[in-house]
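You will see chain A twice below: alongside chain B first, and alongside chain C after that.
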Partner chain A sequence: MNREPPSELSVYGVPQLVKRELLLEDLRRLTQKHVDSCKEYKAILDARGWGASEARSLEDLPFLPVGLFKTETLKSVPVADIVKTLTSSGTTGQAVSRIYLDKETAMMQSRALIKIMQNFIGKERLPMLIVDHPGIVKDRNSFSARGAGILGMANFGRDHCYALRDEDMSLDEGKLEDFLRRNRGGKVLIFGFTFMVWKYFVKPILDGGMDVALDNAVLVHSGGWKKLEDEAVDNATFKRFAFEAAGISRVHNFYGMVEQVGSVFVECSEGYLHAPIHADVIIRSPRDWSALNVGESGLIQVISTLPHSYPGHSLLTEDRGMVVGEDDCRCGLKGRYFLVLGRLPRAEARGCSDTFEAKRKG
Partner chain B sequence: MSNADKLKQAFVEALQVNSSVITDSLAYEGIREWDSVAHMQLVAALEEAFDIMLDTDDIIDMSSVAKAKEILARYGVAFNR
Partner chain C sequence: MLHAHILDDVRVIVPRGHGVEEVTSQPAWTPFRKEAVAFVSALSSAILRNPEFRNFPELVAFAHQMRPKKLESILETLGRQTDGAVIRGRGVILHFAPANVDTIFLYSLILSMLAGNANIVRISNKKSDQVDIILNLLDELTRQPEHLKMGGRMAIVRYDHSDAITGWLSSIADVRVIWGGDSTVEAIRSHPLRPAARELTFPDRWSLAVFDAKKVEEEVDRLAYHFANDAYWFAQLACSSPRGVVWLGGADTAARVSKKFFDRLEMEATRHERFLSPSDFVSKRLFEDTVAAHKKVKIRMGNDNLVSVIDLQGDEIPAFDVHCGGGLFYNIYLDSLADLQGILSNKAQTIVSAGILASEWRSFISQPGVIGVDRIVEVGQALTFSSVWDGVDLMREFTRLTVVDLRE
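And now, the complex of A and B:
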């Protein structure tokens, strides 16, 4: 497994058929590695009669429900090698995922994220406005998913400015004005979690009638649409209001999760999420988990060659999605492109993991 | 101040460690103090010390003190031994 993730191969330049072969080879080896070094993972696969090496296609590879990282300690390296533990945000009272990173995995994640984002932001580090409060990255040894996401993205920026106040998340207008004054008309990067950007940045600017000109900004945001759906805000609405509020016309949402940091699926100019060279998505039927075709909607499985220190390289999420096509997006990027259609209703999601647990223990 | 001294000082300030810790072989995530947060501060400190602008590739490549010297050399910062 010494192949560096996206390096020589262009992140979005490899046709799907070629990419599938590369991924299959890497993921078979990675599965075997985790079987050899994580006994809990081996037990799960054994119980389901799932072998690593016989997978003939990506669809044959074993996958774990993403929720398993909330209940089990799954790691494939000795405790001494762990340099960082990531936890999912999770709402109050819910169990959180715990993801253990060694140095190699952490570095591959940063590297992959940078290679992906260079396609949308460029190589130059831009003055960066972070739509969050500075306290989010305070505890250096255990970051929340939000904190880890912000630190990962902070690599793309310079002169980082946290736009919100620690106390109440309100927009710090003075800091924002200073930032605008320093970078008047220049290219800047704005990053934040989707809901935070909407509620604490776009809306207050619109409601307060503030004069904010960020015409040259690239806005990158992530973190799910659940709360925005409750306010009937979809991607198109989000973009329209970002433009109305601050003249922001370049907006890239991305889909990713703490269980696979570094494997992000970024929205292209056509509004579709694209799989980078080292990752892919498979859509599965929520009834029998069979792999579905282009144009059919179902549960999203994410696969990634990055997770070496924990067996998170093939995960069934609780999100619904649909592959739109392969290699033929009008934006020009190769590989699969898809849409996320929201989360599976809670009861159904729980049903999925219960079934999994029952099969495993039965 | 020599470039080597400037480099050392930037590391000391960013990582908050004793200067004796800063050797060529010191690696990113090799000590608790050189984590992702300190890395960002280090980049800012090096940019200021040498009046340069590093790009995103430089940041991921900067995996040790020796590597930092190599990268800075590309920006015309020479280190004499």
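And now, the complex of A and C:
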């Protein structure tokens, strides 16, 4: 099994053709492992008449819809081995995904994240500004997906400063000024969820005409564009305003999901998301699930060799995307690079069963 | 007055700008008064004339059923059943329409209008092209001089969920009609009606198809054509949309015919692709895997995602009441009609039937222990609305009888 973290090979240095072979071998083994240890996974593959030997290419591997983790308990290890349960952030009232990690998978997850992030922020731990309120990580028993994400990223920095106030998410200017004074001109790391960074950091600084100089900062953000789309803010706009507000020129969005450990796709200097050595994306046609070519948009399937404790190594997401190319991104990183084109719009509710769609409000 | 404030948040869509209160003061009429018939006929011919409606086959079907000829037959049936009693409307009927099976609110409203009632219809806030064009048409009609009177007897309204409004409307209704799922019925039921008021509820139901494999083998193409209409209108999410196909006869024949049928359905389904969206395909995939995780099934691999078939293995019985729609069918083999009893429930509504005689169905349904099933219809007729729905004769429910028992 793929016990070793992906340290021998460089995370972004392997050409796609070689990478595909490596991934295929690992993923075939992983598929068999999960068939042997997760009875629901086996039942699903049996129902589809799938045999482990059939996968001649990555595109042949079976995949589960990511939503399955909201309704089913899927794990491939005994309960006693579970050291960590991840839950997805869901809108209130919606079911959340539950992802079960054993020690090995949890360890591989953090090692992979380190390898990936070092490519973009360097090996040194930087003073870190977190665009959120300190309360988000206070209650360790029940913190949200956002809190978990912040704690995960916090490992990459030191002297953490939470920039927002607990009460109302407003920017704590005093704390920010202290942070700026302490690190005047030095390299710093800023992390936050995309929407939080926009609404509670970039915008207030611009609107308030504050003098914030973070020319040497690396801004890493994630969490999706849905709320920003509503305000007609795209990635280019986001970056332009981050620069105008605080002189931040190095901005890296990343795409990932709680359901697939190891799938962290970080935006390069050219604005494309890159697949690391242990993960990849396949774009599928929603009409027949066929794998699409470079330049065609469809549903994103994510694959990763890291999920050992639960059958989440090959998942069909509800996000639309497009592979832009392989091995030839101008940023120099090898492998596939792609764009996320937003969430699949939900079908309108139809049928006889929902007169009171507004009940949620009442 | 308290209710004056309550009603501030009610938006009257048809006739736009009217009040709700004026409807509540309208007297009941005898059925089929000429004003009502003229209004319904005008609506029917406007739909049939306007090319905009051709994209909405269910509205065209509605319009066909509401032509003057068809109305006459409804009236005749009503007269025959009432044996000389004087028939009148019941007064003010309050309809709660389901979110997106648009034609249901139309049928409910129009039949009640013909029965002689004043009507208040609460429709969902969800916008759709289909609803918009029908609402605009109704609004236009109510503004024409010859239909002003009818306009004063109806209000199609929208409001955000409000116990106060639902409560007030319920308190003035003579009949309350609830189309919608179990939870909707439950929520609205918490608001009391007047002691003499009545209620009709149309809660969650499901439907399926039953075919005799041998007898339909030669006509699977025709069958698939009509079945596609049954299954794909409303993206298979109406109560009457068949969620599975039961094949009677030996498993070998049945398996062969089933394959032919679903292969052909793949082709027919392309005519209805506009009812489906990529998220339906994702929902189906998720649904299939959820079923497979718990039941012994085989998921058929089609050429594309329009038709999804789940073959139940052994004695597995599907949970018909949970469904994703979008063209997903359980495929079940039974030896004979008698075995159908095991998979029916009181939520079973429509059975589309082929190759089985009416007399066989009559004797099957009469067996003690057979529960559910409100209608058994030809393939292609699943969504054809009838004034008897879920076993309830709507015209009868929308009217009252006065018996005049005197020697002449």
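As a convention for this text, the second predicted complex is superposed on the first by the 339 of 362 C-alpha atoms of A that agree within 3 Å, B and C clash if a C-alpha of one lies under 4 Å from a C-alpha of the other, contacts with A are read in each partner's own complex, and residues count from 1 in each chain.
Operating definition for what follows: a residue touches a chain if its C-beta (ideal position, glycine included) is under 8 Å from a C-beta of that chain, and two chains touch if they have at least 3 such contacts.
Computed from a predicted model, the values in this text were never measured in an experiment.
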{"item": "Contacts of A:A232 with chain B and chain C, given as first, second, both or neither", "value": "neither"}
{"item": "First, second, both or neither for A:A80, with chain B first and chain C second", "value": "neither"}
{"item": "Partner chain in contact with A:K103 - chain B first, chain C second, else both or neither", "value": "first"}
{"item": "Broader residue contact with chain A after superposition on the shared chain, chain B or chain C", "value": "C"}
{"item": "First (chain B), second (chain C), both or neither touched by A:I114", "value": "first"}
{"item": "Contacts of A:K123 with chain B and chain C, given as first, second, both or neither", "value": "first"}
{"item": "Residues of chain A that lie at the interface with chain B and also at the interface with chain C", "value": "none"}
{"item": "Chain B-facing residues of chain A, complex", "value": "83-84, 103, 106-107, 110-111, 114, 117-118, 123-125, 137, 140, 151-152, 154-156, 158, 160"}
{"item": "Of all residues in chain C, those that touch chain A in their complex", "value": "96-101, 104, 122, 124-126, 128, 160-163, 178-184, 187-188, 202, 204-205, 234-235, 237-239, 277-283, 285-286, 288-294, 296-299, 301, 303-306, 325-326"}
{"item": "Residue ranges of chain A touching chain C (in the complex, touch as defined)", "value": "40, 43-44, 46-49, 64-65, 67-68, 71-72, 286-289, 299, 316, 318, 344-359, 361-362"}
{"item": "Parts of chain B lying in touch with chain A, wherever the complex brings them together", "value": "28-29, 35-37, 40, 44, 47, 53-57, 59-60, 63"}
